[in-house]
Amino acid sequence: MLEEDSLGVIHFNSMTYTAKTFNLPTLAGISEKQVAVHLALYEGYVKHVNLIMEKIAVLKSSDADGNAYIIAELRRRFGFEFDGMRMHEHYFSQFEGGPIPPTPGSALEQAVSRKYEDQGLEAHIREVAGSRGIGWVVVYADPSADTLHTVFVNDHELGTLAGLPVILALDLWEHAYMVDYVPAEKKNYIDAFFANINWGVVEKRFEVTT
Amino acid sequence: MLEEDSLGVIHFNSMTYTAKTFNLPTLAGISEKQVAVHLALYEGYVKHVNLIMEKIAVLKSSDADGNAYIIAELRRRFGFEFDGMRMHEHYFSQFEGGPIPPTPGSALEQAVSRKYEDQGLEAHIREVAGSRGIGWVVVYADPSADTLHTVFVNDHELGTLAGLPVILALDLWEHAYMVDYVPAEKKNYIDAFFANINWGVVEKRFEVTT
Amino acid sequence: MLEEDSLGVIHFNSMTYTAKTFNLPTLAGISEKQVAVHLALYEGYVKHVNLIMEKIAVLKSSDADGNAYIIAELRRRFGFEFDGMRMHEHYFSQFEGGPIPPTPGSALEQAVSRKYEDQGLEAHIREVAGSRGIGWVVVYADPSADTLHTVFVNDHELGTLAGLPVILALDLWEHAYMVDYVPAEKKNYIDAFFANINWGVVEKRFEVTT
Amino acid sequence: MLEEDSLGVIHFNSMTYTAKTFNLPTLAGISEKQVAVHLALYEGYVKHVNLIMEKIAVLKSSDADGNAYIIAELRRRFGFEFDGMRMHEHYFSQFEGGPIPPTPGSALEQAVSRKYEDQGLEAHIREVAGSRGIGWVVVYADPSADTLHTVFVNDHELGTLAGLPVILALDLWEHAYMVDYVPAEKKNYIDAFFANINWGVVEKRFEVTT
């Protein structure tokens, strides 16, 4: 993973992640400043995913045994940075293409109907969003059981369902809305989230899992 | 989700998970008693996944607003029980079919070679298994970046990589080996794990992600 | 804990916590709106500490065995709400009395000097405040070892040092500063924290531990 | 914290923790092998508390800025190792002096009576010990509110009550009993814990908090 060039400088040659750019329309109820602040935080996660991989490579290269404890603690933190990166990618890409309503009769709608019955998915997500603390409402598909699960994930990585594809992600960290709202107005932010979401993106994520 | 029958008894009609049975050979270095103890714990996770879903349904049905805080806390715990269930399923199914060595030139071997180079996957897993605390070594595929990640997940649900399929799962809770070994002999248990693993199962999991 | 009055209404008679009021001066660099938003969140923690105790009492009273799992999950969450309450009390009371500089030669200064040497406590706290994620920088005394420890506690309750008295608490949740600053300006908020802190409060907390 | 000797070797001179020795009687229902295995794990925590402090000192000394992320991640883990050390010290010292029943009319008994009423403390601890997962049942005093709290702390450091002194600690990691029992027999271990506890130690811890 590390190579020395002709000048004796060590290079880290492993794969690295690159911050994505999102083709975002103007959002109703979420300001441009809020989006800019949020995207900058996203880029911080990408940077730190790469940083962990690089630091581990350097520490292993110099003294794998002596640095074993340090390496293990960097690796233990990988989930925070990786999930911070990946969840934000799920989040922002949901706004691409502008607000599109759910497609009647879609595979997702049928799965929602079996799981959430009369409540429906949006109302169910709003219910889960009432959980205390910061984190994410995440809708997962469990293809092996032909069902959906909606949970509240603390931070980015605490309570994530193992191995399940993410269908929808609603960011409920305070940084996601506090440029525009105070915590007591969180409901307004959630309204804005649903006013802007492209359900086509969500439906497509679900379809590839089935 | 709840229905009252002709006798006035309330039934919970939602989907439930069923404990799987695993077609396990005799394992080298992992006793039958150890396996029996471990499977009983697995069944406890399945039971509690269903219990959370049932309790939420009952609480919502009786007083959704008054029980909102309770429901949210049950839902927050879902990841522990669900991941406890699902990770054990990944674990035990790796022993089905008996020990089979890795297939030379497989897609997994190529991905391992790009990521872990000379160290190889088994040695890398052994390194990560040196992390302190209880939990799992989990190998994930990230198809979007054509790479693998190996992390230590605390408990069952703390540090899980969001949305990534699980390729291999090594249980490092003390209950996984303490019928046969003391914690200072954890290495012997890991030896036994690798002596029994069917790499064909692992390779197949990887192939369906690509 | 529960009593039925003459009208058959059940009352919860256990001790409850009451939100404290803080005698806060005007703060430099932290707006009145920011303080008001933050105090309202503090009061939410007090409310939910009491709510958990009440819900547990009610559930136990109605069906202790049938509700055992629910009670356990409410109790598991107690640390989040309790620490959210208590840490905010440590935080706001540090501003009471207005900014007072450290007392030269105090017992705290001597302990700081042994532990943090030339760096000093403020610079050390600033270093720890660079940790990623949301939570608190907490300075603890360990009287049994005659030393201090400064750590980053995630959320309110993840990584708290067991049994150690809290000497200083710096809130690094985004809600603590995002009325006034964006996350990239967190340093300005930390400057404001130190511009307003009454070190006499901190010194007194330390003295009672020795 | 680091000094170079006349041979150019760097020494870490800060305070370090030393593993305590406990004057343990023969325990009923907890074997000598179990105790020996458990004490060895305790000593591992002491070693790693010191290791984190040393590694941070070395990394800071060599390149404080370049190592800032690594240092922060080591520091974030300090609570796990420190609480693992300290909680085991609370645990083992409860057996010193042999089994002594609670003192009628003690200050602790009065506090227990106000909080747990007819249930009593032992039965209440047994109830909390039914929580799922591994960790500790911890009884805390909150002197500022003249009350007790009993919670389940996950791992060693997740859910600890901030700043509260520890009155009693029951270890429910699997390593605490799996030399003698399987998880389904956890109740027998808890019986053994109560058969061996010196309540005088617990009462004394409580008295110094009031």
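Just so it is clear, A, B, C and D label the chains in written order, and each chain counts residues from 1 on its own.
Simple rule for what comes next: a residue touches a chain if its C-beta (ideal position, glycine included) is under 8 Å from a C-beta of that chain, and two chains touch if they have at least 3 such contacts.
Predicted model only: the values in this text are computed from it and were never measured.
Peer 1: Regarding the subunit B and subunit C pair, does the interface count as same (over half of residue numbers shared) or different (under half shared)?
Peer 2: Comparing the two copies, subunit B and subunit C contact each other through largely the same residue numbers, since over half are shared.
Peer 1: What's the rotation, in steps of 5°, that superposes subunit A's Cα atoms on subunit D?
Peer 2: Value: 180 degrees, nearest 5.
Peer 1: Based only on mean CA positions, could you tell me how far subunit B sits from subunit C in angstrom?
Peer 2: Averaging C-alpha atoms per chain gives centres 36 Å apart.
Peer 1: When the C-alpha atoms of subunit C and subunit D are each averaged to a single point, how far apart are the two points in Å?
Peer 2: 22
Peer 1: Can you work out the whole-Å distance between the CA centroids of subunit A and subunit C?
Peer 2: It comes to 29 Å between the two C-alpha centres.
Peer 1: For subunit B, which residues are shared contacts with two or more other chains?
Peer 2: Answer for subunit B, listing residues that touch two or more other chains: 48, 69, 76, 80, 132, 154.
Peer 1: In the complex formed with subunit A, which residues of subunit C make contact?
Peer 2: 37, 40-41, 48, 80-81, 132-134, 154-155, 173-175, 178-179, 182-184
Peer 1: In the complex formed with subunit B, which residues of subunit C make contact?
Peer 2: Contact set of subunit C toward subunit B: 48, 51-52, 55, 59, 69-70, 73-74, 76-77.
Peer 1: Looking at the complex, which residues from subunit D come into contact with subunit C?
Peer 2: Interface residues on subunit D, with respect to subunit C: 1, 14-15, 17, 68-69, 72, 75-76, 78-80, 82-83, 86-87, 90, 114-115, 117, 127-128, 130-132, 138, 145-147, 149, 151-154, 156-166.
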